[in-house]
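A, B, C, D and E label the chains in the order they appear, each numbered from 1.
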Amino acid sequence: MFPTPVEKSSRTWQLTYQSLLPVALILWLLPLIAVALFSIKPAGDFSAGNYWNLPSQFAGFENYGRVFLESDMPRYLLNSVFITIPTVIGAVALSAMTGFALGIYRFKLNLAVFFLFVAGNFVPFQILMVPVRDLTLQMGLYNTKTGLVLFHIAFQTGFCTLFMRNFIRALPFELIEAARVEGVAEWRIFWFVVLPLMKPAIAALAVLIFTFIWNDYFWAVVLTQGIESQPVTAGITSFNAQYRAAYHLMSAGSIVAAIPPVAMFFLMQKHFIAGLTLGAVK
Amino acid sequence: MSGVTLNKAIKKYGDVQVIHGIDLEIDHGEFCVFVGPSGCGKSTLLRMIAGLEDTTDGQINIGDRDVTTMDPAQRGVSMVFQTYALYPHMTVKQNMGFGLKMNGHPKSVIEEKVAEASRILKLDEYLSRKPAALSGGQRQRVSIGRAIVRGPEVFLFDEPLSNLDAELRVEMRVEIARLHREIGATMIYVTHDQVEAMTLADKIVVLRAGVVEQVGAPMDLYRDPDNKFVAGFIGSPAMNFVTATAQKTTVEIGATGTKLKHKLPSPYHGREITLGLRPEFITIDPKGDAFTVEISESLGGVSYVHLRADNGDKLIAEQRGDVRSNEGDRVGISFEPETVMYFDADSEARIRI
Amino acid sequence: DGLSGDLKIFLDTSNPAPRETFETMIAEFQGMNPDLKIETTIIDREAYKTQIRNFLTANAPDVATWYAGNRMLPYVQPGLFEDVSDLWEGELGENLASTKAAMTIDGKQWGVPYSYYQWGVYYRADIYNELGLTEPKTFEEMKSNCQAVLDSGRKCYTIGTKFLWTAAGWFDYLNMRTNGYEFHMDLTAGRVAWTDDRVKQTFANWRELIDMGAFIDNHTAYSWQEAIPFMAKGEAAAYLMGNFAVDAIKDAGVTDDQLDFYQFPMIVEGVPMAEEAPTDTLHIPSNAKNKANAKAFLQYVASADVQTEINAKLGQLPVNNKSSVNADDKFVSQGFEMLNGAYALAQFFDRDAPAEMAKVGMEGFQEFMVRPDNLDAILTRLDAAAKRIYK
Amino acid sequence: MATQTEQANRSWYKRNEIALTPWLFLIPGILMFLFYVILPVFQSFYISTLDWDGLGQGTSVGFENYRELWHDPAFYTSLRNNLIWLALYLLAIPAGLFIALFLNQTVTGIRLYKSLFFFPFVISQVVVGLVFTWFYDPTFGLLNTFIGWFGFGPINVLGDPRYVTYGIIAAGLWPQTAYCMILYLTGLNAVDPEQVEAARLDGAKGWRMLWYVIIPQLKPATFIAFVVTVIGALRSFDLISIMTNGGPFGESRVLSFYMFEVALSEYGFRMGYGAAIAVVLFLIMLCFITYFLYSMYKEEKGH
Amino acid sequence: MSGVTLNKAIKKYGDVQVIHGIDLEIDHGEFCVFVGPSGCGKSTLLRMIAGLEDTTDGQINIGDRDVTTMDPAQRGVSMVFQTYALYPHMTVKQNMGFGLKMNGHPKSVIEEKVAEASRILKLDEYLSRKPAALSGGQRQRVSIGRAIVRGPEVFLFDEPLSNLDAELRVEMRVEIARLHREIGATMIYVTHDQVEAMTLADKIVVLRAGVVEQVGAPMDLYRDPDNKFVAGFIGSPAMNFVTATAQKTTVEIGATGTKLKHKLPSPYHGREITLGLRPEFITIDPKGDAFTVEISESLGGVSYVHLRADNGDKLIAEQRGDVRSNEGDRVGISFEPETVMYFDADSEARIRI
């Protein structure tokens, strides 16, 4: 319960703690476990009112099969990929540059520009909704993945710049000075010295942005519609509308939609957490 | 010929002036050390020479080129940083060759120069390691190697050894001395370590608050400081300062009433002055009673005896061997009159006799 | 020879049965025009309603589904729907005559209908039999039936008001039966104040049912589909709904014998019986790129055979009077009969009233169903909104 | 002489390299950001003075939208709910701290536990909303099944205007607590063990150790947790949209949802009115933004 | 009476034993310093006394109480940490009063004790500042103040001065010595600084790898170390070690061939041993030629001359005054035979004569 390590406490408390952990976890994840359970139940269980008992039979293959084979979910998933990946690349690239400029150089407007990015990042994005939607319409990018990607890149640049700049700030400035003394051009300093050192930051930011964008719903609804460009978050709602009250399918669909960011988190956990805390904390 | 000449060099940060018009001449091949208290502008001055800080006013020449507004890269200087500033993602070899590569030198030339430098610094074994896999001393050697590779006319060091532990520091100090002998390039070295300054320098520049207090060979500064600041700064433990009064032909020490037969310039007659006396020149006289022993710190071969006179003046005397004074003892002191120095009590300037 | 080029169709027929119907029909059209490149997008019905404005302006399809009546107005006025009056000239116009009024604004027609359907009370015949009840003809019978159902431990009516419009069905019927069709139309057109005593009478009637506990609990938490299981499980006996619900109800496990249908009973004697019959329509956006193809498609859909075929599958009624009604489907044939005998047809609250008013109004209905005591406040609010919206 | 020509030979870019480079690096980012974020903020201010349905030209109506807002009960409902959100969402901070303290141990498998506890944050709010909708379902939801064992309920959380906002906030607290938990776990890692030891020698234990020594050291983590929680509370949209769509009868609306509803939903398309709501939301947020920036500014100056 | 007694104290981390059964007695009011190379267990031992680490086995007494399993707060000890460990969010006053507050002392008592401690440490001016607004030395004073306020029987210091710069270190060292005199409490002090150990300690405990090598007064360890490790560890610059061979009645130094008339115990006759000679006892004889001057570092009053014999043995000689030897000179050395020590070449134990 405390910064006193359990190892140093009494045996009984150690045992209590060890057994409390899984109980707490199950309680904490109960809603999720329920959904996972739903997703492997046959439809009959629901009409029979068997919501919370064990599945009468394992219907996981069937349910997930229908999600993948009979619905538009694969298409939405693909859209999500095509929205998320370019956004991650774009936002990271842009912010690596802005972060470099703001982290390394001293110039008059440095702090002002930096705060502009930070403030923009804090803005409740609803205020952007009407103009951005209009802008996207005028550019003919409404209901395109490109339109969504462009906006995401621009908006995420605020957060990413905050993150990158603080990271670069923490690099030893002597490295840049050493390179300058050696006659390395500024852009080469960026490319050969700073960028390689930013690898951890880039990894952290990439996973973080990946989850943010993957999970975005608001902008997906504002800037896209329909199967050709909507990501899976929006897709799941139409999927659900289609299978309203078919809890087993809705559950399976939700789980499918949730898996990529969850997988990303597990694979890149270290970077992910570094991203959350580093970006924000500094 | 690639000495370094500073001509009324001035540096301001905004409205704050940190370097107040420094004139300095460093000869080709000379080993010049900047010392001074923290914040006095040592690093700033070095970085101005390197071109990492703009020079607000005045002129800096390297050899016969005016480099005041030049890019760091074009000045023909290499710099070694306190924190080594090695590129962590490159191997030792790449670190050393990076500058050459970026300036478009052919591979074979780079190879050759890196090999040469690593031979000088005994780094051959480590060429393919990354900095993280090196010890502190090895890292510092690599960073020196990186400086050598470019074959600069002037080497700049900013407290290169202060991140090493005591033992390594001694070792690397000897290494740098050897390197200077071997390469013969001009070297400018910033430190706040007494020992480094005394042992490495051909010429020491003592800075205070952005002003040069004195320039000279180490032993010259020790023996013949221009003012109280330099006298107190060079030598360890620091010189003792006590009050004294100048008479026509004598100087009377306040603490003991002793009269020294020194004739100070007439303006001082009758005035209070500061008398400087190095701990190592004081002998404790158990028969005297002008001082109380406050504390006596014995380090084995040598003891430092802290003395306090009744007028409040304090002295430290260095005592050889294991004669130990006890706290509270009343003692006197003796010293050779010629080891004494006099300073103006206000301006702190040396009063030469 | 057939058509060539592209044809982009947006549909809101997202429920499984309509979806399949349209997919089949479009496939047939494709078969007739092998050179035509047809691209079909089916959008969730609720989402479609919010998206139509966007795509009409931004990336308009060539054909889009929508609804007749006032509901077209926001798109007709800014010129987002193409005038298709030419389609209505000649024989097709005559065949579709019954809905011509609903498709006309400013003397022009802005789309063609492909289907309409009746609303009515779908009930569990087996439960009624068990309790010895018959289809009510009057409000009194309706209430006494309800009491019997309640006494048997069931709820009389299932409903899911999460998306609001289901409550509007109740309001429409109660209001039309209490105050008549004309009054209802005046109200939705903003010619009568919501604080009018006649409106209050409608709500008073409604309240009788609410106070009896006729409706299932917690209906605010459900969509219309989610309300079905209550009926399927026999926890509720009836459902006031459009005919499209039949499929879903059967899917939930109610057999054809268990399910029956009656007309919403009379409340005030002498008030002529008007019915809800929302018409689903197809339109050509004015920004469409392949209008010729689109018109051909509209013509195809409106044709008698196709109407017969798709409405049979949809379980709804064809608009073309040359089409035939699926006589095997008791709900369709009963409904057809009912609508033929109707005094007048209303589109539906959210199609008759302007969108903003519909939203405020339906929110009020939902609130009323939960908190009948708030009625005065609700009506005052609606009145204020109406004053702004209809100005 | 030699130096003269050398100087001249350097290109203009070369001479100004240090001054120019940052701007070259900044331009793409700044342009994108100005174009998509900064300008739209001001555009929104402008649009809020229009009567505009999103098509064609709007007509200027001055402050009419704001005047209407002043008399709009739905606006006050949203505003009230926003305040409730703000206040209750902050519970994620102590809750996150509590879980973090609970998990801040080194037993086998604790890393896995920590990641599993973090799970809710990685999942899309859309899914969270759905999950909680079922959790609250009055007929079969776990919540009602559970309280049914104690003879209560059923509670129609999402259908009852009294509970609906709290129900949604509870759903939102789930991922947000996970977020705060991670922040605190990292914060706890950075707690200076020597200070804890000093406090042990000083006789501080348990609750008092937490209050006097640990929590003050977690200040940076608390600050971030506060920032992200406030932003999260004011941006809340997904959950409401998924769980209740603002209902029942608009009782669960917040400003961000209401503006979406007014501007883009089926019955909306009043862009000016929506923008006016957004402006109000922005002004609320501005108080916090100012505070955040001020804190950051102090921090920057401190270096 | 509150001395500290350790009785076969043992500490294991898992399977790794870091403290190997230490017996130690520290008298009431004594100033005891633990020294030893890094990682030898100094801090661990101190923390075991503080109660911050569990004692795996053995017993720790403070005064006549067995505190082995007691809570840190109940042992009547205060600790001063290397990193000060001040609470950054509290003012100086709150920092110092925190312990008392936690133990439920009334406000007035706290006020009084804090005032007393801040008077002793001259902190009165800073009472309402936060630690961030203090200099390093002031912070360390506050952390000592915090220790004083609780009026402990035993003070524990873990390298309290190692984060300060040289000048401050000297100042604070004197301060701590004064404090000990003033308060008279038992103090246990961990350091790796020679000078601190020698000047502060009543008793030095030399540790190596979790084992006590020798315990004694500073000058006793300097003059009479038990083994080569202690001899090399105490004294600066460190004792020189050269190879020598014991004969029946003499010892022959390998480097010079000099024979010293020392009679070592018979087992050593004919065997190689290690001879220890402190730099300060060596005089350079310009007429000799056994050694080459490698480098001569002059620090003003004293020079260190690095000598290398032909057999590879190296020596450092301390030279007073400004006689300077030049690199490459051939010189001899002289010293008083009684300053020499002998050690077993294998066991490194002292061979007393």
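Note that contacts are C-beta pairs under 8 Å (C-beta built on N, C-alpha and C of every residue); 3 or more make two chains touch, one makes a residue touch a chain.
Here's who's who by UniProt: A, D = ABC transporter permease; B, E = Sugar ABC transporter ATP-binding protein.
Fair warning: this is a prediction, and the values are worked out from it, not measured in the lab.
Ranked by how far their CA centres sit from the centre of chain E, the chains are topped by C. When every pair of chains is scored by its C-beta contact pairs, the maximum goes to A-D.
Chain centres here are Cα means. That of chain B falls 55 Å from that of chain D.
The mean-CA centres of chain A and chain D are about 14 angstrom from one another, to the nearest whole unit. If you average the CA atoms of chain C and of chain E, the two centres end up 93 Å from each other.
Annotation for chain C: residues 46, 50, 57 touch two or more other chains. Chain contacts: chain A has residues 49, 185, 221, 237 touching two or more partner chains. Within chain E, not a single residue touches two or more of the remaining chains. For chain E in complex with chain B, the touching residues are 165, 174, 177, 194-195, 198-199, 218-219, 222-223, 234-236, 278-281, 295, 297-302, 318, 320, 322. Only residues 53-56, 68, 73, 136-139, 154, 156, 158-161, 244-245, 247-250, 264-270 of chain D touch chain C when the two sit together in their complex. The residues of chain D lying in touch with chain E in their complex are 192, 194-195, 197-205, 208, 212-213, 216-217, 219. Listed in rising order, the residues of chain A touching chain D in the complex are 1-3, 5-7, 17-18, 21, 24-25, 28-32, 34-35, 38, 49, 51-52, 94-95, 97-98, 100-102, 104-105, 107, 110-111, 113, 115-120, 122-135, 150-151, 153-155, 157-158, 161, 185-187, 190, 211, 214-215, 217-218, 221-222, 233, 236-237, 240, 247, 250, 254, 257-258, 261-262, 264-266, 269, 273, 276-277, 280-281. Taken together, the chain A residues at the contact with chain B in this complex read 172, 174-175, 177-185, 188, 192-193, 196-197, 199.
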